[in-house]
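Note that chain A is present in both complexes that follow, paired respectively with chain B and with chain C.
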Partner chain A sequence: MRFFGRCMKALKSRIPDMRHIRKNRAMTTWSIVFFLFFVEWIIFPESLGAANLQTIFIIAIPLFFATLAQTMVMIVGSIDLSIGALMSLTTCIASYLLVENLALGIATLIVLGAVVGLANGFLVINLKVNPFIATFGMMFALEGAALTIRNYPGGAVPESLLGIVKFQIYSISIYEILILILGAGFFWFFLNKTSSGIHFLATGASRSVAKNCGINVDLVTRKAHLICGLITALFAGLFLTIRFQAGSPLVGEPYLLFSFAASALGATRVSGGDADAGSLLGAVFILTLIENAMNLALIDTKSQWIIEGFLLLVILAAVGSSKKRRSG
Partner chain B sequence: MSKKYLGNELIRTEGIEKSFGPTKALKDISFKALHEGEIRGLVGENGAGKTVFISILAGILRPDKGSIYWHGKRVTFNSPSDAMQLGISVVHQGTDLVPEMSVANNIFLGREKKTIGRIVLDDKKLQDEAGRLIDEFFGIVIDPSLLVEELDVVAQKVIQVTRALSRGTKLLIFDEATAQMTEKEKHRLFYLIRKLSNSRVGTIFISHILEEVLNVADTITIFRNGEEITTSDKDEITLPKLIKMMTGSEKGLSFPLKTTPSNDILFSVYGLTVGNRLKEVSFDLRYKEIVGIMGLRGQGKEDLLRAIFGIIPKKIEKMLLKGKTVTTDSPFEAVKNKIAFLSDKRDEEGMFLTRPAIENLNALHWEVLSNRAGIINHEQEVSQAERAVRKYDVRTSSLGSLGSSLSGGNKQKLLVARLALAEPDLFLLCNPTYGVDVGAKNQIYHYIAELATLGKGVLMTSDDINEVVNLCHRVIIIRNGMITNILPATVENSHEILREVYESVEIKNP
Partner chain C sequence: MRNLGSLKQTFTSKTSLVYMVLAIAVTVFYFLNPRSITYLGMTLILQTTGILGIVAIGQTIVLIGGSQGKAIGVDISVGSLIFVTTVIACGLTLYDVPQTVVIILCCLWALMIGSMNGLLVAKGKLHPIIVTFAMFMVLRGLSYTLRYVTPAGDVIRFMGAGRVFGIPVPFLFFLSLMFLFVFIFNRVVFGRRLFAKSSNPLAARLVGVKTEKYTFLSYVICSLLTGIAALCYYGYVGQPTLEYTDMYTFESMAAAILGGTGFGTGEGTVLGTLAGVFFIRFLFNLLHAYGFGDPLRKIVQGAIVITVVVGYSLIAERRRA
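Then we have the complex of A and B:
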């Protein structure tokens, strides 16, 4: 026994300190996810059914990508308030184009995301507009555009895309799980294994220090906004269209607050410079399960908004005060 | 001068302990009673526990064990405002004044109504009151209608202290408050601090520069490794004795041997101008050479390195590095051209406080550590960081600990290591040893000397004549935005250099 202990000790001392093994970072978040799911299952036994599992993933995917997009700009110390509006606009355009010509539709979304992302970056960096103001203005412009294209919900989504979310094996939505894992995996890889990821984190951690380290912080910020726009239009918006099987000029609105809340709940440092892919995915599921439970309880949409708004504030306050305690 | 303290006991502690995780920052600190009117110097190496102890006195941290006695009565602080209400104020190296507001408004900020007894502001009345207070405490005159940004550092400290005292402060703690002052400014501040002690205020004075502490303090408390070694009268202690007790050994400053620089020019600057702060500055630097830059603060010394590195905009005729023209309109370009910069603002412009040590170490050369697709070679990253930590003696509990967890000297060593790892041709160092203890200073001197022997060029600003004459080959003197002289940096030249630095500079009195 003693020999074994000594071996372990020797082994441990040989393992180099690695920065990315910060254990248990995502543990708390995921414990809450499983706890919530357990509670939901006890109250609504039907929540484990195939139909509801599918619903959960359909809710989770657009939220995940909206959160990912928001996190991309948050890690460099910026913010994007136009995410929800861009998602709405995306659904309005996609619900026309996708059924006509899938490839053209996708290409249009890419261009849309890139244009909005580049514009946000240009406003923030080149015109030096505060990101809050810049993206707030962008939000109004995009909302206006969405209302011009579609005044009321309508349109359709091709069956081939619906197939992605409907496909299940033993009531498990394989494609959706794969998309989420790939998305989170890419994000983890970006943050931990690439020099661009480190540049993003460094820029958010301290702009002036990053500058002195020869990082082109303006370029990094513009890149972050571009990536944010692309993820929002191409993934978050597209999956939102699939979720509602239609386009609607206001459907993306709640995602502004959701993306921010999930990001903050998912260990992203609000002032920039830190994020964690595992926690982020967990936070997305926490919000998803709350929404799902309210749907199962047949709470109407308006009341849901009130409850959600209130809950999110509680969550954010909890995140804020726990950080304060840790640092104090 | 065994001064007899007429004042009552102000503060003492018994058996204060504080741990952070496994590290014991303070082990049983019984701070000997400080009396009204006494100036107590508090010294110790980086990591000795001074900052933690002060944070406990200021109510920022709570001790794990032990008690604080205020006027002989036991007190506990739950927050900084508790300590402030009792009358404890900390004066840091920076200012917490609002630069765009007047002296009077700064002193009474948030208490205007209480001071003049009504809601509608009466600037005249506030200013009269401010002027009266400054005169009462310091016996000097500062125009209370001036904006704080128009004052020099010492006057700003005076305003900070006046504000604290007008709130009923009985214990003033100066925490490295002189860190960015010149010798003259320091002496003025010390004079004013001594004046204060006449008004029965207790003072704790913390500084890394021991001569300073010996100069200003009545009694000196020495911390080592989280323990109080001794508290003794200033007259019973000498500098060597102090160093010995602080470090546990008799080491003082030790400088590496100077090597001869090459004859070839590495770097030259022609006609560098920054607004009206630097005018047409030209000089050159040879391979293997260390050149110091001296001058009083505000004379242009600070701007020179920042301008070369591209942090502040400049006009320049040309700049040659290794015989090639280089432009540095941004730090990004400068780093590309193999120029590296060490800021004197360690926490604001040097360390990523919220990122792990390993990222801080490798921050200048991720490109080298990653392949063409931008994917980092993890093994190389870790092994290189481990080697650097060992070589540069950066003491951190792990490579994953956050930048903010390192002590000042270790941060500085890490930053030097960061620069060295990136292998630039030209090092620009702003006050590389400012705010670090004797041990770390000696190490940093050796690292800088080593860089030079490896064929690099080093340009460094410094306020310490000792450091300049023992480490540098030549010294550039800057006054009024111009290079007034370039002298060989030798010990024999010390007086000559200092004379050049101080000559004909107008000094504003507070």
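Then we have the complex of A and C:
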């Protein structure tokens, strides 16, 4: 019996380590990703082919950057409903300008993202409009602008940009993987190793405490909206244009929901103050694999919406109940 | 004095401000387009105002009581719920289901959606925007797969397009619901607790208000009212179109916010929402009369809502200072 007791004691002393593993949120998310990929590979053996791997990354990149943009504002306790419309507007403008002049096109996208981000920040901080209604109005304005510029899908993307996603070595898309890893890496570095990142997290966790600690919370929120706009226009919108090789006034709309879903899945606290780069990337891949599997199963877009919406509700309910168990 | 205190949820300084804005707007609209203020123009406006108003009352209740933690309460799914409810009513009418049964089933369906929203927000502790947005996607997907077009029966047509003493029935529905909720907000325990929960959830919980219950109920009431509005819409239009039902989400929210409803701050009146609804409808008609296209109308509406909200926040700040 004494031996058994000692064993239990030894086991108990190990428990903190196991807890540490459980706390490592990225690991849970990524194990789901690999499980999903395994299931998909068994059902559709062609999913490991070069073409499909390329497709997966093309789906993942705009989704990842949209989620990253949403997470940036969520960290500071704000929200942005205009990213879907901004992505649509970006595809409309990019599909005109990029073919004419690559540098001019990219510069325009930077200006567009900066203007929208600054305007959102101005509305939220200087004019004290609730971020929800400010970005909701912005969404309508941007959607209207996109519809005025291009009423139906069209336009083109230069070959040099298409080369980024088409380039493969041994059926591995080097550039796409590099972009994703760099994006997630920068985000991780920003959150964990820079003082700005700490300021962002502190502002989201508690505005009043952060203010008393000497953080300029208004500036931080404005910065978050600016970064959100830049990421949305320059990365999410641009890669969405590359994915569809055209511009369309409503193509970005679903990305608003996806950005919410991926940030909720990726352990971002919606009310602010918490995020994790690794699980964010994992969550993006979970959604991507689900979409890819549905495409391979030839499910039409409208039914995909029902399935995705339901999946999201189920996932959210699961996340919510686990949160309650942890706290209570 | 007691009466004065309890009337606070009916008339606030913000409400009078809203009516001032509305009076100015109507005068401007009249000079821009005199034809909209005739008897015929007014009855047409009242008809659609009624349908929008019923939804906007529901949205007002969610804005007041649907918040969860720091997250504001809002129901984005109302637009697509109207569409799907209308399609379901069409389908039931097609198979010769009695009309009272159609009405009851549609209300039950709306109650089901509302309780799903409410459960996820109140019990699941999830962000209302995300929950109702996911519901919006599900319903929108459903609306593409279900396709029925059937003319409405007599009872439902009366609900949507009927007139009593020359006043459209949807508007009468709206008015009676409005008085009902003015009464509930001021005189009924439910209303007082809803406002207590809205202005300070923690304090409300400490004095014994079951805050989760009130969060849940605000979503249920909103969806039920949306279901009733959908039946009126079905009777009025006869067949649903997605572009127009989708606008109800934005318009109901805009009406409630223009009416001075705060985001979970314990502010908000149904009478303010009435002014907001009229403002939105007059604006809509004016933009239509001037032949604004859909894209441009969206820009103008978004800009006007932001401008008015900015004005409110500036006035509130000046008063505080």
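Operating definition for what follows: the second predicted complex is superposed on the first by the 305 of 328 C-alpha atoms of A that agree within 3 Å, B and C clash if a C-alpha of one lies under 4 Å from a C-alpha of the other, contacts with A are read in each partner's own complex, and residues count from 1 in each chain.
Heads up, the rule we're going with is that contacts are C-beta pairs under 8 Å (C-beta built on N, C-alpha and C of every residue); 3 or more make two chains touch, one makes a residue touch a chain.
Treat the numbers as computed from the prediction; the structure is a model and nothing was measured.
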Look at A:Ser160 in the shared chain and tell me whether it touches chain B only, chain C only, both, or neither; answer first, second, both or neither. neither
Taking the superposition on A as described, I'd like to know which of chain B and chain C A:Ser208 touches: first, second, both or neither. first
With both complexes overlaid on chain A, does A:Phe260 touch chain B (first), chain C (second), both or neither? second
Partner chain(s) touched by A:Ile198 [first = chain B, second = chain C, both, neither]: first
Considering only the touch criterion stated at the top, classify A:Ser303 as touching first (chain B), second (chain C), both, or neither. second
Name the chain, either chain B or chain C, that contacts more residues of chain A. C
If I apply the document's touch criterion, which positions on chain A are contacted by chain B in one structure and by chain C in the other? none
Mind pulling up the chain B residues that touch chain A in the complex? 60, 309, 311, 330-332, 334-336, 341, 343, 348-359, 363-364, 366-367, 369-370, 374-376, 378, 382-383, 386, 398-400, 418
Quick check on the complex: what are the chain A residues that touch chain B? 16-19, 21-22, 193-196, 198-199, 201-202, 205-206, 208-216, 269, 273-274, 328
Using the touch definition up top, name the residues of chain C that touch chain A in the complex. 69-72, 74, 116, 120, 123-127, 129-131, 133-142, 144-145, 250, 253, 257, 263, 294-299, 301-303, 305-306, 309-310, 313-314, 317
Taking the complex as given, what residues does chain A use to touch chain C? 77, 79, 81, 123, 127-130, 132-134, 136-141, 143-148, 151, 254, 256-257, 260-261, 264, 270-272, 302-310, 312-313, 316-317, 319-321, 323-324
